[in-house]
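Per-chain numbering from 1; labels A, B and C assigned in written order.
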Amino acid sequence: MKASTADQTRRAGRALCSAVMLFFSTAFLLLALKDYAWQGFALAVAVPAMIWLGVSLLPHLFPADRLLLSLANFLCALGILLLYDTNPDLAYHQAMYYGVGLVAMLACIYAVRLLRQWRMAAALLIPFSLALLALPLLFGSEINGAKNWIYIGSVSFQPSEFVKLSLIVIVSRYMSRRRFFPWFIFAVGCLGLLMLQKDLGTALLYYAVTLLLYFASSGNWLLTLLGLSGGAGAAVLGYRMFAHVKKRVAIWLNPWADYDRAGYQIVQGLMAIASGGLFGVGLGLGSPTTIPIYHTDFIFAVICEQFGWIFGLCVLAMYVAIVWRGATTAMAARTGFHGLMCMGATLMLGLQTFVIIGGVLKLIPLTGVTMPFVSYGGSSLVSSMCLIGLIQGVASLNEEHLQEDARLAEYGGEIG
Amino acid sequence: MPGEIYSVLSTGMRYWFALLGVLIVWRSFHWLRRDRKETHRRLKRLPDAGNIGVFRVLAGGPQLAEGEELPVPREGVLGSVRTCDIALPVSEVRKRHLDFFYVDGQGLHVQPRRGCACSVDGVELTHRSGRQSPLLTHGSILQAGDALLRLYLFEGLEVPRSARLMSVELPDPPSAGELAAPQNGNVQTPNGNAAPGSLPYWAYPVPPQGGEQR
Amino acid sequence: MKRQRMKFKLLALLIFSLFLLLALYGGYSVITYGNRWFSSSRNPRVRAQKENVTAGNILDRNGVLLATTNEEGERIYPADETTRKAMVHLIGDSQGQVSNSVESFQTSYLYGFQTSFPEQLAALIRGDRRRGDDLTLTVCAPLCVEAQQAFDRYEHTMGKRGACVVMNWKTGELLAEISLPEFDPMAITGAVKQDEGQPFWNRATQSVYPPGSTFKVVTALAALSSIEDAEEQWIDCTEAVLDFGGGQLISDYGGEHHGVVHLREAFIHSCNKMFATLAVNAGQENMLRAAAAFGFNDNFLFRDLVVENSSFPEKADSRYTLAASGFGQSSVTATPMHMCMIAAAVANRGVMMEPRLLRSVVSPGGTGRLSYTENIYRTVMTETLASKLKDYMRQVVAEGTGRRADVSTMYICGKTGTADSTSKGEPITYGWFIGFNAQEDVPVALCVVVEDLDEGTAGGNTAAFIARDVFAWCGRNTELIIPQ
């Protein structure tokens, strides 16, 4: 019976992997036919090969979770596809970042497996991360009203994406040990630095994940609700204090009032989504480049325009599947610390996706976060891969424990 | 390729892409569901997965019978509420009384919450007791509120090198032959009173070879 | 740990519900607002498509060609000048000066965005240039011309601004919609753009006016449904004015006295004091409920049209404002389109139909993409109440203030209105007539608004004449407006 379930898993994984590979080979082929560019044909072969390597080969060599790998690879490749459609140079950069991301993901998996206690690591991470987060304030450049980028040579780098990881690790470690101050001080420090950099979207994410992890570890409804109202109060305060927050809320409520300047982004995004209809206008057709910031924040609008609303819902469902997988892994974790860490990574991915798609659909005001895996951006892609790596690390530990338990059971003479 | 032909081709392909997208999503959820069933099956086969041993109740209360066995997970909370990992509905036990976690190679750490009284093998522990507080190993006795529990670890777990015998008189001393002092890492297990074959796997004697080290 | 696991499950459910919210909200927005967003003039995709696709034709219900694309790819309006000017606010113009006209709002049909894949393939194989769909509207072009010319026939409405809407009260088909001042879409000059009368503005659907005494239809419904024995109520309308506090007095038009009146007589002779009293007796809540039943404060999201919302105040500031809202003043506002729908609702036994404009949409290959379907917008009142109101409205035309709208061969029912307001600080009076023909074989309802009435004139001797001409034309040319 065991053999057949393993077989089944392998077969299901193969079906999924083949579907993904087929999708991208046909998609890149279609784009290549548009103007007979050799790069298109090359990508039509290269991308499915990369996917095959990533999904079928990798799990043989490293302890990784196939489903998460398949979904993450699909989303990354989707990002590369849309970038190739709109701006091919960015596509090549993204492919490079994807390679870096894979390596980073493996590093995270091993970090989770090897560092069991994280005692030293957590203590070191606190000052290191705070320093990293403070860098843009000192050397950074201002983009779109937020000062959260720094340039190393010609590569831009967003520290807040990486400090995300240390936030999750530090918060879950100290919460699981029931030591209040270390994580609290760290979280407050991060939030403060982010507010100074005016990166309010990331600050919101950090705050939400910390609060929810606190809720999970302590189960204290009262304090959680208190924290929630504190956050709401801070949001109102931020609205009163920052002029550009006021502007964002105003164009969220009625972007058509100022559709030439302030509301331009949302209006163009909405029109793109409406133009897509159910099945989209077709890959390579339509005008995705008229959507502002189409390569980062509004990539979802590009998806809906080119592939349609049904496909957009499918993308949403894929994120739901990732969250589901992360949550089940967290629930199966053996120690509180690993569970919190895994859940923290899942929450981070899920909430980030919700925030950006909500902004594009005009459900909530637009913030500066990107869509995990799909958006263009080295820091964003690498940190999302690292989050997936954390989840897979915990999953591999669970698997080990489970095999250990099976061994113990055999030991006792009763084989299940 | 001329624009019109491409646009017709692309318009036709959109149904293909939508189909593939739906297929991928459907297979993913199928996979998730299957894994869930697999986990359920495994848990049924290994009901003690994730546990490191049991607490046998030596002295309990009206709602906690003597001799009852409470499974001990690797990490958790002990308290009187049902949602605790070890539920002790006994007087003097707070809703969430103490936290415990097992460290391989050491034993079961116990961390009482504020204002909760407990003792390990007779030694009082308070909220402030730090890392030097005594650990629970196989055979150790934990007193929490009015309850008295004895820890029995599972076979195959790393056994602490310096296991200690309890030094305090128990109200109900275990009958001879049920408990033997651990020597040099050789652990013997007590015999259960139930019919053989229905005992949990840890009640069987240790095979001489194979060892307990991991 | 168990607790933590349970919390994880909760958190996962939270995330799932957030995503569900996204999916539902997104789906709802796209379905409800999708066409509006797409047809917005700011959409660059439409401009891009215009280069590759020949726009389809727009015809009136009898086949009169109203808009087409010539060989050079330009959009032209081939009807004669009078017709062009009469239809311009409905059809629109090639520059997009008239917002939400058929040319822009129906872009997705006209520019071939709805062509299915097999059709595109067929067109490609045939080698044709891509073409959009042809639209046949429900409107009747000669009727629009008649309505517009009626404005110029009478001394007190000649050259005035205003609007007129004509509907089929059984099916909801829009038969005519004009707005004055108008312009020629084939001759948009600088002078037209700078005309201070704003000829590009479609007053029929986008302008809101105080409805004046035509609102008494709503007040009558409020009274009949909330006040016991409303018809037995009477006041003695011999005093010149009534005081409801607030320092303002209520009088009737021209200081008329009506003597002792019951609800029926007050409606027929349009007695403000009676309706003010009724409004106060019914109370703000009942008035609001009756107005909401008729569609005030609704967010109109019609499939074929964009209509500005009408409003009735949620709270009454004072007794005086409540009293004044009883005869359609204070802050009550409505579009001529909505008032026409109200008249149609009374005619149609209390059922308000959604006004629709598309009679059929045909693809370039000849297949029908859409044909006319009715849609009930609201059920406003019971049949008994509707027939009572119909009786009142008949008497208005038979012997009351609406006498001048009567047509001998038809059964006209209606209500006149004269509303005071201020525009740019100056007082201005609007003349209204809403009404319908109760005959089943010529089921038309209309609304006429005339802006800036001369001193001494009222709705009953301005808008009513135009209404009469429109009804008479409908009676004479029934075959042009009703399918036989």
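The criterion applied here is as follows: a contact is a pair of C-beta atoms (placed from the backbone, for glycine too) under 8 Å apart; a residue touches a chain by one contact, two chains touch by 3 or more.
Here the structure is a predicted model, which is why all the values come from computation and not from measurement.
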item: Farthest chain (mean CA position) relative to subunit C; value: B
item: Chains most often in contact, by C-beta pairs; value: A-B
item: Chain ID, smallest distance between chain and overall C-alpha centroids; value: A
item: Whole-Å gap between the CA centroids of subunit B and subunit C; value: 72
item: Centre distance in Å when subunit A and subunit C are each reduced to the mean of their C-alpha atoms; value: 49
item: Distance from subunit B to subunit A - Cα centre to Cα centre, in angstrom; value: 33
item: Sequence positions of subunit A contacting 2 or more other chains; value: 281, 324, 336
item: Residues of subunit C engaged with two or more neighbouring chains; value: 1, 3
item: Sites on subunit B at which at least two other chains make contact; value: 7, 11, 15, 74-75
item: Contacting residues of subunit C [partner subunit A, same complex]; value: 1, 3-5, 7-9, 11-12, 14-16, 18-19, 21-23, 25-27, 29-30, 33-35, 37-38, 40, 42-45, 48, 113
item: Complex contacts: residues of subunit C adjacent to subunit B; value: 1-3, 6, 52, 117, 120-121, 124, 130
item: Subunit B residues touching subunit A - in the complex, by the definition given at the top; value: 1, 6-7, 9-11, 13-18, 20-25, 27-32, 34-36, 38-39, 42, 45-46, 48-50, 74-75, 99, 101, 111, 154-157, 200-204, 210
item: Interface residues, subunit A side, partner subunit B - complex; value: 5, 8-9, 12-13, 15-16, 19-20, 22-23, 26-27, 30, 33-36, 67, 70-71, 74, 178, 279-285, 307-308, 310-311, 314-315, 317-318, 321, 324-325, 328, 332, 334-336, 401-402, 405-409, 411-414, 416
item: In the complex, subunit B residues that touch subunit C; value: 3-5, 7-8, 11-12, 15, 73-77, 83-85
